[in-house]
Amino acid sequence: METNKYLQEEIVRISGVNPRKCMRCGKCSATCPAYDEMEYHPHQFVNMVENGDIEPLLNSKSLYKCLSCFACIDRCPRSVQPAKLVEAVRLAVIRQQGANHMTANDVPAMIDEDTPQQLLVSAFRKYTK
Amino acid sequence: MQRIGVFVCWCGSNIAGTVDVKAVAEALKNEPGVVFSTDYQYMCSQAGQDMIKEAVKEHNLTGIVVCSCSPRMHEATFRKTAAAAGLNPYMVEIANIREQCSWVHKDMMTGTEKAVILGKAAVAKVNLNTPLTPGESPVTKRALVIGGGIAGIQTALDIADAGFPVDIVEKKPTIGGKMAQLDKTFPTLDCAACILTPKMVDVAQNENIRIFSYSEVTEVSGFVGNFDVTIKKKARYVKEDVCTGCGACLEKCPMKKVPNEFNLGMDNRSAIYIPFAQAVPKVATIDPNACNMLKNGKCGVCAKVCAAGAIDYTQKDEFIQEKYGAIVVATGFNPISMDKFDEFAYSQSKDVITSLEFERLTNAAGPSAGKLLRPSDGKHPHTIVFVQCVGSRCDACAEKGKEYCSKICCMYTAKHAMLTRDKYPDTEVYVFYIDVRTPGKNFDEFYRRAVEEYGVKYIKGMVGKVTPEGDKLKVQASDLIANKQLHIDADLVVLAAAIEPDQSARPLATMLTASMDTNDFFTEAHPKLRPVESPTAGVFLSGACQGPKDIPETVSQAGAAASKVIGLLAKDKLTGNPCVAGSNELMCNGCSSCANVCPYGAISYEEKEFRMPDRTTKVRRVAVVNPAVCQGCGACTVACPSGAMDLKGFANSQIMAEVDAICK
Amino acid sequence: MQVNEYKPLIVAFCCNWCSYAGADLAGNNRLAYPAEVKIIRVPCSCRVNPMFILRAFQRGADGVIICGCHPGDCHYTSGNYYTRRRMAALFSMLDYLGIEKERTRVEWVSAAEGAKFAATMNDFVQTVAALGENKRLEDLRCKK
Amino acid sequence: MQKVTREQLLNKASELLSNGTVSCVLGWAAGEFDYDVTPKMFNCVEELNAGFVFNDFCGANVSKYLVARAGKCEGKILVFLKPCDTYSFNQLLTEHRFDREKVYAVGIPCEGMADIAKVKAVCGDGISSIDTTGEDMKVTTLYADAPVSVAAADVLAERCINCKSKKHVAYDELMGEEGDVIDSARFDEVARLEAMSPDERFAFWQNELSRCIRCNACRDACPACTCEKCVFDNPNSGVENKSPANSFEEKLFHIIRAFHVAGRCTDCGECSRVCPQNIPLHLLNRKFIKDINEFYGDYQAGAEVGSRAPLVNYTTEDLEPGEVFDRRDNNA
Amino acid sequence: MRKCSLDKIDLVFAQIAKNAALYLPVDQTDGSAAYKKWEEGTVWSGALNTVRSPKDFFFPQTEDLMRFKTEGKNIEIIDTRTEGEDFVVFGVRACDVKSFDILDRVFLSEPVDSFYANRRAHGVIVSLACTRPSETCFCKTFGIDPAEPAGDITAWKTETEIFFRANTEKGEQLLSKIAALTEDSDDAVVKAQKEQIGKIMDKLPLKNVTTDGFGGGKTDELFNRPEWDELSQSCLGCGTCTFVCPTCQCYDIKDFNTGNGVIRYRCWDSCMYSEFTRMAHGNNRLTQKERFRQRFMHKLVYYPENNDGLFSCVGCGRCLAKCPISMNIVKVMKKIGGETK
């Protein structure tokens, strides 16, 4: 397994999450509404960050499947806050590539009339930091 | 001024090999207070001790300094020697010139120099020593056990067996505690009632045991051997000594819609009630919050039907004062509230229950008479999901749950799963676990049987969400091994709720000045070596009040606590350590700093009247140390800013004299 | 052996139950440490009053070390926890006044740690020796 | 200018005296000049009318007088407490130093008190009058022709510039609006010293403490120093001394004094206010407060009655004395 | 009378400092002034009021008297007295100069205090006319003229010049040493300054404080006055007033055990302290009221009774400025003695 210490520390620092607190109960994944869409599930996220196995995460679409609903944060008995880790990895992607997952130009095509304003705002916040 | 004799031991060549003992004796001769100084090959030998005794007589010595091995070795020996010579044993000081000098230094000159300095420090200290006498206090030969669960019952029986009177105070109308609510016990699966109720009967019949049921401890004062305790016997509106427990009143009572706490509210009882059939004492109790007669004076049926005439609506709370030599805390545990764990829909569905409720559901004396039926519709459940670690092992910062492992859940869940599969083989049973912890005799075998013989489906992972939908409970969980998210339509969900100390423990700890940890479990005097004693002398710990425990562990701790109590009560009087703290009341300002740091609750406060310089009097609060309780650590002496608190045998002045002598 | 080597005076307060026994064990095992270390026995490390420490420096000590049971192992349950807080506060204050922080130390030495006791003392003596004489908390009246 | 006036306090005191709520009043009495205010017990309305004063110079914290006074007169004592005084009040109650039942506390707002030395630094010596009723102070001196106007903010006492709280934590009755705890910069100076090298710190304190004349004003004014007998007055304590015979004695006194109030000091600033040599003694106390906050979590002595002072408390997870420095070195 | 331009004052100081330690008031960072030993670069501001009084040079706060050396059980007594060094105290106000009269009567009358006498013999006092009295000043109450201070040499300072007049032989000698730097002068400027000072004195707020009602023989009349209760009530019992006072002269003799011997030393004591004059039977003034009363009765009654009516207060105003709770001798005099002349 490849460990990327620099990125690992960076992600831990950005997120303020201590992945070592995880006791591997899997409640985050049990609770995740986007579980089936994901390649890497919340508990794996935590585990992979803890092990410095960051590269696959950077390239995984799972990053953008996370709804940031924070159910995992709410339910985690160890206060690990997996969603914050996901967010931190997203940020790391942006910083590393200098490229956003979406740009403002991509957005109009995705909008249909049912799209709530709040979703747009939240999408911009999430994908285009 | 003291008349000090200095005795320098050679310890064969152990000391004399690296320390010029003659030179040490010579040098110390010139120290202030020293009137005699000599050396000898083996000071601890009979001849050496005789030499000391003679010197005491011949030179009228008032203090002794022995330069020898560690005081941990022979301090007791030389104290006895001094006592035999008519000196107070605490007028002896040891200068450790073997372990801390001759054995760690190679050079004769260095060793001798240091030995002289250590000797001087000891002389400086003896110059300030005063004779000390250990205090004695009598022992009241009666024990109090607070809590009447299995822990309290076992402790009381063991103490009573040794011939000492014991009182049990139980806040519920009956003893028995949590164990009385259980169905079967792991790992042997014998019925809880079958093994518990005979013990309860033993308690009731034991002449040395009194039961104060429906009672609480309201006040504790005193100290080891001499506790004064006030017990509040709550009014049960039934004369305990008259009631025969026939149950006629229960049948006739018109108020029958009171949630039955013994069955955790899953069925109802009457306003006058006996918690369960084998209750001890088997006496009815009127619930004043439910009884119409007590609430508005309109009823009185029970009094009419009671043939014995035991009903007394005018009964008042009664306060009983009693003296005890020892107190055992056995306040037990409760499952934590599930209110904060709404992801499991506990408050939304009747079919999400705790394990303790499951116990009642499967118990023959329970609300469903032992048939496993769903509380909502009374149907037989075909899919049952057990969730482990609900509220246990949570992060300290999390807003809900406990940091510790509740220890018993893995085993009782295995038991529940196994029993379910045994009785209802058509039932699918899932157990979601994080780890299965089975350290205990025959425990892992038990768990494996559940899996291998009974086909219980153990899934590593946690349940994330339970949603009631129609008559099903949609369980969403993760299977970490399969790396899948599972969706199970369950009929019943059982939560292994964490356990916590009973709420009565915290106020009780305050009354007893016994320390507690942040989780409100009582702290033991030493985590390894004194696990059943509280740091507060005379207070002992039994059962889950000290930490999560299963029944075998509780019973063994109960026995251990009892043996400690018996050891204490067997003594006629307690001899204290004379090196205790004492407060100079003229200097004490009553600020409580000392009491705050005292681990033994040895410090109390008195309002004392003082004559003031202007000839008026003033009442001031001052600290008083109970020498029978003080262990002499000295924490208070440093907490005291005015220096009013000092420690006998290690006084400020003595330690400073040692510092001075060493730094000279 | 160097003759003019500076020898600091060290006062070591040892709790009776752990560290004093640890020192005894160092002796039993003949683990050498400098003779400049002089031990004062106290029932518990929490008996050590800041005044004793200042007194030692006043009278000519160059370093003061307090040894107690490991946290959690105190014979009196909580004594060393108080020591820990008091000494953290005191040492920080001494440092704040510009007094060398290396001259004071708290070390937890159990009764089984004879080797640790000797090693600790060797290290402490060396550290203090490197600092030289205690000038910042000295009382000239007490010099010979 | 203070928001609450002498007249308002006078009326309140007279009212409480007349209706029998209290039998005497602990307040401030006017002196020879407009700034030399003395704490005083007033026994009747006439005495109050004659001598009671409240202005920008009523800095003295009167809480400590309650130790000696509460219970001495028939009924209750009325005491006027500025926000910072209430912390001392609570701390004294925590330590059982007076009977709460014997005191009627009225919380009064405080706009910060003036430091006469700062006034003199601006206006010069020879002050003949100070008018504090307006927005600015009007100071008349013997040597200037016209009164000098001074902004109150320019002559605030150090402790008031770094006021930690305008909130009253104890009272029976509050006059005016309740204020808030302030996020003050009071630890900045401590941090500045901490950032110095040990040699610089040593030189700084050597210079400051060498001025000490051991008048004991800091101790005797301190509301936390209420020992029946101070160790420095007790010939048997081993540290008793009447003079700073040398630099060791100076340090000994001030280290032990600060240590004995560590965790109990409310940072009321009386020590520095009363020091005739202007030694910044509060920087010693604040060091302990800052350390305690950093090591063991924020703690404000006197914020509530009955709280356990940090140095008579512990957790099993406390940092080690050695880690104190690692922490600081890592932060630096 | 001699005069010298202020431009040359540092040369004067350098000249004096050649033969003696020179102490003069120097401004401190906190705005107050304190006596400091002059060395090259020291700036004399002409400050008049110092927090600590020049008493300290003659009667220091602590002073070793003798030593005992112990060796085993033997004790050796060591005389630690030395011939003192010459020193000059420069810029002393009239009130502070007057304080030496009061101290002399205590220390130089039989039995003579050799430590004090030694310092007096070696010290030269250069006084300075006080041109800017503080509002706390009331030296006039004790008959002191701030424009005409005593001392071995009297100095008057103007914006540009300083004038010297020797009053004693010691003063003459010192002046002669700086003769090369000074020149003869008439007293016109000095007279003008005195007049100016007189005008200020009339404006001082405390000009009417009077000693009427005090003095020898008043013990019975004043001792039990009820006002003492009220006056002493807020006293904290600290020693600030005594330690900044130029005339307080009480001390305690103490032994300090060094570990190798004993240093017997004396140090200032304060009658405000609860431990003051502690004897075998305890303390003789048990309440703060008694101690408070002692201080003022001593200054205003007992001392004059034993010293030809001389009060042991010089009106320097230090205690007024420094008392933590602003209780002071003026308030006492007004309350006990009555308001004005």
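Structure notes:
Order of writing sets the labels: A, B, C, D and E. Residues in every chain begin at 1.
Basically, contacts are C-beta pairs under 8 Å (C-beta built on N, C-alpha and C of every residue); 3 or more make two chains touch, one makes a residue touch a chain.
Please read all numbers here as calculations on a predicted model, not as lab measurements.
Here the chain-to-chain distance from chain A to chain B, counted in touching steps, is 1.
Excluding chain B leaves the other chains in the touching groups A | C, D, E. Here B-D and B-C were compared by C-beta pairs in contact; the pair with more is B-C.
Averaged Cα coordinates give chain C a centre that lies 47 Å from the centre of chain E. Averaging Cα coordinates per chain places chain A and chain E 78 Å apart. In whole angstrom, the spacing between the mean C-alpha positions of chain C and chain D is 37. Computed from the mean C-alpha positions, the centre of chain A lies at a distance of 53 Å from the centre of chain D. Counting only residues that touch two or more partner chains, chain D has 231, 237-238, 245, 311-313. Residue numbers of chain C whose C-beta contacts span two or more other chains: 50-51, 55, 59-60, 72, 78, 82, 86, 141-142. The list of touching chain pairs reads A-B, B-C, B-D, B-E, C-D, C-E, D-E.
Residues of chain C that touch chain E in their complex: 59-60, 141-142, 144.
Here chain B touches chain D in the complex through residues 586-593, 596-597, 605, 620-621, 639, 641-644, 652-653, 656, going by the rule given at the top. Residues of chain A that touch chain B in their complex: 21, 23-32, 35-36, 41, 43-44, 71, 74-80.
Those residues of chain E lying in contact with chain B across their complex are 72-73, 257, 259-260, 286-287, 289. Residues of chain E that touch chain D in their complex: 30-32, 34, 49, 51-52, 61-62, 132-136, 200, 203-206, 230, 233-234, 236-240, 242-244, 252, 254, 256, 265, 267-270, 273-275, 320, 322, 324-328, 330-331.
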